[in-house]
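Each structure below appears as structure tokens.
Below are two complexes that have chain A in common, paired first with chain B and then with chain C.
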Partner chain A sequence: MELTTFSFFIFCIVTLIIYFIVPKKIQWVILLISSFIFLFWNNFNASTIIQILIILLSSYIFGILIEKNYNTKKGKYLLILGIVAILCVLIYLKYTNLFLITINHILNFLNIGYRFELVHRNSLIGISYYSLIMIGYLIDIYRGVCKSQKNIFKCALFMSYFPILPSGPFIRYNSIEEDLYGKHKFNFKSFCNGLLRILWGLFKILVISQRLGMFVDTVYGNLSSYTGFYTILAVLFFSLQLYTNFSGSIDIIMGISEILGITLPENFKAPFFSKTITEFWRNWHITLGSWLRDYVFYPLQKSNMIQKLAKKSKQKFGKKIGKKISLYISMLVMWILIGIWHGGKYTFIIGTGLLQFVFIFLEDILSPISNKINKKLNINTDVFSYKLYQCIRTFLLFSFSLIFFRSNSVSQALLIIRNMFDLDLSFILNGNLFKVGLDVLDFMVLIISLICLFIVELLSLSGSVREKLFKQNIVFRWLIIYILLFSIIIFGCYGVGYDPAAFIYRNF
Partner chain B sequence: MKNLVKTIIFLLIFCMLWSITFKFFWVDKTPISLFYKQPKNHFDVMYYGSSNAYIHFNTTLAYDKYGFTTGLMSTDSQPFGVIKYLIKETKKYQKPKLYVIDIFKITDDLKEIGDPAIRKSTDSMKFSMNRIDAINELLTYNNTDKSEYINYYFSFLMYHNSWKKIANVSDNNIGALDSSSLYKGYGFGSDQTAISVQKDYVWNDAVVELPKKNEEILIDLIDYIKSNNLNVIFIVPSRTLSEIQMGRINDAINIIKKNNFNIINFNDLNDFKIDYSKDLYNSTHLNVYGATKYTLYFSKYLHENYDLPNHKNDKNYISWEEEYMRFKNDFNKITKTDFDELISLYQY
Partner chain C sequence: MENKEIYERLNNVFRDVFDDESITVNENTTSDDIEDWDSLEHINLVVAVEQEFGMKFNMNEVTTMKNVGEMVDIIKSRI
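Then we have the complex of A and B:
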């Protein structure tokens, strides 16, 4: 059930009506039932039930046991056992093929003819999200940040809360517990706020992302015909497509939760206004970054192995460089994990892992040099033009890394990079640009929509755009809402001739 | 309370804007949409069938001759299975004294029924459970995936894309005709003035069994007609037919006759003959000359055999006179001949 389909729309309406009709103390039960219906939609079988049971029971039982053995060595072992149990399910379902591909590469390298056949595993929607969420839950109990949930059904709701299953964001038990199991009265303001956010999400997905996708899919689907400018445009479009698709789905999720009275953490903060890749990742998929920082990066930095390495490096290269070496190693591990989390393919590991690390590493070591050059050449870095240059540079670097993310294989990604340099400017005159999945009118809609998106993102930097809108007079306010609504209805890419908007991030 | 009022006003404005918007994006030009625009209990005869119905039967000419009004619920390649639902739809708004059902499409291989045929026959129907039932029935013929049904229930899921071709009309137009070419449902344009020479043929009485599902659909319709005590006449239109189509029609004729219903096969009459070298504008449709001949014969038959009222000189039916005059003027302009002279050539 995709977020922009009619069935999901009906599913949400029914859930909301029942949720606000039933006695408040059982509202969470309605959410649990809805979540399980959503989770098992079209995928109810023994395999998926076992997957859920293993993760749920591991989290529930180990959570209680870890709490009972708080601050003991036994507690630490129980935590490791709990994490291993959850990871085993995740790895089995998502990463078996990554191992098999790696082994096949090694066998090929060793000139051994045998090849392992790749396998298809039937996993439930959102497994990468709720696996990590439950690992975070166990770690939080171990750290004493939160108490374990004694009611297994409540624990199940925390794990499977349906709006976050398709695309996140990552939630933490201590920050959502009160909202999730609390009593919620229907609030008209939250309802309007939530609806407006859902509409904005639909606009991003159906009007912008789907349209960009038509161009991108055409180019990526026929790499021998489209080279040069078309490839460059497809690469740039894909970044925008991914952003509008992912952030749009988060808007829908946040909007639904807002109506339900549940506050979720923000996942994006105008990432394309970031001046560096480091800043970009602070504004893009924020909850994944903070999850990995708190549960992987910091523990790794404090681990004995890294501490020893830091000590040795300091002795050998001096305090400053020695400290950096241990930092870079922890970062490298974290970025590889981010890449792996995105999927069991090398393209993800390179695109959203290694390349991001390389960019951040280069930014870090080159920034003193660039500062010196700027000073020597008397370049003013506080002006708009320089900041714009930095934003464009970040956008281009991120778009470049996504070539791997979007490609089916590393060799295809390399072909695309090569194609980008095969420049031919004849497209300007021959009008072929308007035959690559989008016609002139589609381009016009796209440009106007992107300008709207840009304005809204810019306004969001100085506070909630919805709050600003709700402060306006009713005529202007309603005018904007009607324009948004009818833009989606008329210009949205949905219905006959279009596939339901598939969420790029739903398979992670 | 204030919020409730605001919400209601917001929704009312939304509905208003919606209806205005979709008038632009979905230019509905089927005889079915014209049916809804007529006053209640206005039609004396209702006529169902594929394009052979609205291109062959000139409702304005029938009115001019005998004063009875005919409503056409006809769309291109209209699947036979939808007729029961169209009759149900008719009964909501009209009380016709006679139902005319063209049975040609009973010969269809149901799996071959295409999307345009289903869309054209259901998109123009007003949203109701009856429309949903009709869609559900038709979509089972070609095994459409259930997840696609929603696109048929809500037409805007298809037609919202028409924003790119507002001037070009949506996919829902009727072939070469436009709305001004419909005269009380009868479709006439310059295409219909052409002459396509076809091979003459003699009706073959050999019977080819209808496919099981087709037979079920026919029997279901007959049962519905009987249970509602409707006055019905079935017809087989004049057109070229393959051996299989003729055979299947013969089987259908036998079933209809067995159930004591009247049926006229216009390909097998002694006193009415289509001239295949003059009366068609393509292999399957009568041109305006053939249609005039057919209308004159059939309207006379209906007038003589059924108790149909004559509304001529009734002010409430003045629009029928006007539409007939509009048709005649257009015919005279396009063909540069006189329609009254044409009529005088036929003996019916």
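Then we have the complex of A and C:
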């Protein structure tokens, strides 16, 4: 069930009505039932039931056992067992093909003719999220951050809370426990706030992301016909498409949760205003970054192995460089994991893993040099123009890395990079730009919507945009809300066969 | 150990880790007050403090410490 479909809309309305009608002490039961309906929607079979049972029972049983053996060696072994059980399900469902492809590459390299056939695994929506969320839950119990949940149904709700299944964010048990199982009165202000956020999310997805997607899909689907500027534009458009789609989904999820009275952590903070890739990743998919920082990076950096390495490298290369070596090794491990988490393909490992590491590594080692150059050339770095240059540079680097993320294979990504340099300016004169999935009107809608997005993102840097809107006069407030609503209805792209945008505005 | 002595020793650790002799910490100092104190340097700082005072922070403390005051409270409870 996609977030922007009519069936999801109906599903949410039914859930909300029942949630606020039933006695407050069983509100969480309604959420659990809704979450399981959402989880198994169109995918209810023995295999998916077994997946859920293994992850749920592992989290539930090991959670209680780890708590009972708090601060003991046995507790540590139980934690490892619990994590392994959950990881086995995740690896089996999402990464079997990555292993098979790797083995096939090795066989090819060794000139052995045999090839393993790739497999199709039927996994449930959100497995990458709830498997890591439950690993975090076990680690938190082990660290004494939270107590284990003794009611298996409540544990099941924490695992399957439906709004976060499609695209996160990552939640932590100690921060959500009270909201998830608490009693919630219908709050009109939260309802309006949530609804506005849902509308904004729909605007981002239906008006901007889907429209950009039409251009991107056309170029990526026909790489021999579209080269040069078309490819460059498609590459840049894809970053914006991904951001508006992902952050739009998060807006819808946060909005629904807000109406339910459940506060989720923010996942984005105007990432395209970041001046470096390091800063960019602090503002993009924030909860994934903090999950990996707390549960992978810190323990790894603090491990005896890395500490010994740091000590040795400090002795050999001096304090400054020695300290960096162990840091870079931990970072490399973390970035490879981020790449793998995005999907079991090498394109993801390169695009959202290795390339990001390379950019951050280069930023770190080149920043003293660039500071020296700026000083020598008397370049003022504390002005708007320089910050703009930094933001554009970050956007371009991120867009470049997404070539791999969007491509079907590494060779296709390399072809796209080559195509970008095959420049031909004739498209400006012959009007062919408006035949690549989008016409002149689409481009106009896109430009205006992107300007709106830019303004809202800029405003969000100095506090909640909704609070600012609600402080305005009633006429202006409703004008903005109506414009938002009608632009979604009129300019939204609802897919092939159901396109009110095409139906309404093209006839004028 | 007196608070004063702990802060003096902590100042030396901070100055050494962040290569900045001008750093002076107090109980309200947070990562926002020291330019290089980000999530990457945080662990280096934690390990350096552990070595200085011969104690260990657990991972929960590492991820939830909000300011130097909380760090000092943990140090005092362990030494």
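As a convention for this text, the second predicted complex is superposed on the first by the 495 of 508 C-alpha atoms of A that agree within 3 Å, B and C clash if a C-alpha of one lies under 4 Å from a C-alpha of the other, contacts with A are read in each partner's own complex, and residues count from 1 in each chain.
The rule is simple: contacts are C-beta pairs under 8 Å (C-beta built on N, C-alpha and C of every residue); 3 or more make two chains touch, one makes a residue touch a chain.
Note that the structure is predicted; figures quoted are calculated from it, not measured.
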Three-chain arrangement built on chain A, chain B and chain C clash or fit: fit
Chain B versus chain C as contact partner of A:377, first or second or both or neither: neither
Partner chain in contact with A:441 - chain B first, chain C second, else both or neither: first
Touching partner for A:144 - first (chain B), second (chain C), both, neither: second
Touching partner for A:475 - first (chain B), second (chain C), both, neither: neither
First, second, both or neither for A:119, with chain B first and chain C second: neither
Touching partner for A:293 - first (chain B), second (chain C), both, neither: second
Partner chain in contact with A:323 - chain B first, chain C second, else both or neither: second
Partner chain in contact with A:331 - chain B first, chain C second, else both or neither: second
Touched partner set for A:301, first chain B, second chain C, both or neither: second
Angular separation of chain B and chain C about chain A, which is computed from CA centres of the superposed model and rounded to the nearest 10 °: 160
Shortest CA-CA distance in Å separating chain B from chain C in the superposed model: 41
On chain A, the residue positions that both chain B and chain C contact, one per complex: none
Interfacial residue positions of chain B with respect to chain A in the complex: 3, 10, 13-14, 17-18, 21, 25, 150-151, 154, 156-158, 160-161, 163-164
Touching residues on chain A, where the partner in the complex is chain B: 6-7, 188, 439, 441, 478, 482, 485-486, 489-492, 494-497
Chain A-touching residues of chain C, taken from the complex the two chains share: 19, 39-40, 42-44, 46-47, 58-60, 62-64
Sites on chain A touched by chain C in the complex: 143-145, 293-294, 297-299, 301-302, 307, 310, 320, 323, 327, 331
